[in-house]
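Each of the next two complexes has chain A plus one more chain, namely chain B in the first and chain C in the second.
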Partner chain A sequence: MTVKIRFFARFRELLGTDIVTEVAPGAMFSSLITTTARKNPAGYAAIFDEKGDFHEFVILMKNGKRIELTDAAKTPVVDGDEIAVFPPVAGG
Partner chain B sequence: MFSQRELERYKRQTMLFGEEGQERLKKAHIFIAGAGGLGSPISIYLAVAGVGTITIVDMDVVDQTNLNRQILHFDRDIGKKKTASAEEKLQALNPDITVNAIDVKIEESNAVKLIGKADGIVDAMDNYPTRYLLNDVAIAKKIPLFHGGIRGFYGQATTIIPGTTPCLKCIFPKAPPKEVFPVVGVTPGIIGTIQANEVIKYLLGSGELLTNRLFIWDGMQAHAEELCVERNPACEACSNMTTTKTPARKKK
Partner chain C sequence: MIAIQTADVDIGALIAAAKKQGTGAVVVFDGVVRDDEITEMELEAYEEVAVQELEKIAGEATRQFGLLHVDIIHRIGRLTVGENILIIVVSAGHRPDAYSGSRYIIEEIKRGVPIWKKELTRDGGRWVPGEHGHGSGKPQ
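What follows is the complex of A and B.
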């Protein structure tokens, strides 16, 4: 099955966006993002901390609905899901 | 009532919303938090549109490194207080409005008093701690917060109507780390102009506001999109407000 991952702002600079990827049935939200982000160490470090947890400011959405960071490891992705990962943009 | 000079000045926009609309802008008081990259286009466009009273607050001095984006400030202003520079430019752009430029750091101890009886708060800050403070005051006073943020070629904006839309903490519960962010001047130009457009629509009571939607701009792709955002029932800032379906606009 395939899902689409969309990164925004700084995450997009480091990892690209609209990444369509094949995932095995039963794959969890957080493991999918981890695998995808590993392609670029700076991209991974922008999203995850040293323990491999999401930085607390990261916003996750699945098909337009917010996913709590604490639920990402137990939220499965299904065929056709569109996943958004973005940071709050802080400058003014 | 308008002077002949004002009638001429606003002629091309009273074609859109009449003298009645112009009167609504004239009677309004808008608080702009920050006279930097976002605050520059926001204050310029609200001044020339004829928003009657503009309070603009900043604690910084104009620095050479500001000048690639902070179009309120000129090379000759380096070393001057941003508030002094802003007041001079805004008053020169439109002598028929009142500009209060206040040189102070916005803090918990002074935010409520600074914002006073303003009809809305425009977020032109560069950090989340102050944004959360503005969010709290907007909730307490039940006035809108026009949010904007930028970095590099990317930007975001949304209009927050306390009790109706998600607040800033519903959307962004945790602040990102502080950084010296890269930016090209057009990005705050684009986002700040969207915020000013929201203020004008809100004051006029017409159009569709950028509510319950996070506008996201990618200048590199020249692509804009929006994400739906929802209130967080457990939000530490606004969950005690009951949801109202009142139209999100200024009362007549």
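What follows is the complex of A and C.
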């Protein structure tokens, strides 16, 4: 199945965006982001701490709806999902 | 009008359009690129979600403050010092509601709409930090 990962702002600069990737059925939200972020050590370090947990300021969305960081490891992705990963917002 | 766009807007035309029947006050908020020793500012948005969030904020402001009209236009792309970033135009029967509605909208945008700014300088650039612990409102 295929999902799209969108990084924004500093995360986008480090990891790219609109990444369409094949994932195995049953894959969890956090493992997918971990695998994708590992392609760039600086990008990984921007999103995850040394223990491999999300930095507490990271914001996750699935199909435009917020996912709590603590739920990411138990939230499965399904075919066609759009996943967004971004730092705190600063508009206005 | 609720929009995320690169183009600037005609604020005078927005004010004219905001004067619906019963209007006694129009409040305009115009956020501009400040001269913080930068060359330009680059703005980026998660557009689909940001527009939905702006529409929700406009609806909530209308309900809470009895606004007669709301425009929110947030620009993205590269902007130079002095250019408009965010224009909010609201109208209401009386000034307290117009002021309160406008203030509510800008604070909610800062709290949770997925938009980011990068200040570009001669030495490179720096992302404007968002408020830690916030960022996209409450989980839905």
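Note that in this section the second predicted complex is superposed on the first by the 88 of 92 C-alpha atoms of A that agree within 3 Å, B and C clash if a C-alpha of one lies under 4 Å from a C-alpha of the other, contacts with A are read in each partner's own complex, and residues count from 1 in each chain.
Assume a residue touches a chain if its C-beta (ideal position, glycine included) is under 8 Å from a C-beta of that chain, and two chains touch if they have at least 3 such contacts.
No experiment lies behind these values; they were computed from the predicted model shown.
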First, second, both or neither for A:12, with chain B first and chain C second: both
First, second, both or neither for A:39, with chain B first and chain C second: neither
Touching partner for A:67 - first (chain B), second (chain C), both, neither: second
Intersection of chain A interface sets (partners chain B, chain C): 8-10, 12, 56-57, 59, 61, 64, 66, 84, 86-92
Partner chain B, residues of chain A touching it in the complex: 8-10, 12-13, 55-57, 59, 61, 64, 66, 84, 86-92
Contacting residues of chain C [partner chain A, same complex]: 31, 43-46, 48-50, 52, 74, 85-86, 106, 109-110, 112-118, 127-140
Contact set on chain B toward chain A in their complex: 34, 36-39, 123-128, 148-152, 154-156, 171-172, 174-179, 181, 183, 188, 216, 218, 227-230, 232
Contacting residues of chain A [partner chain C, same complex]: 6, 8-10, 12, 56-57, 59, 61, 64-68, 84, 86-92
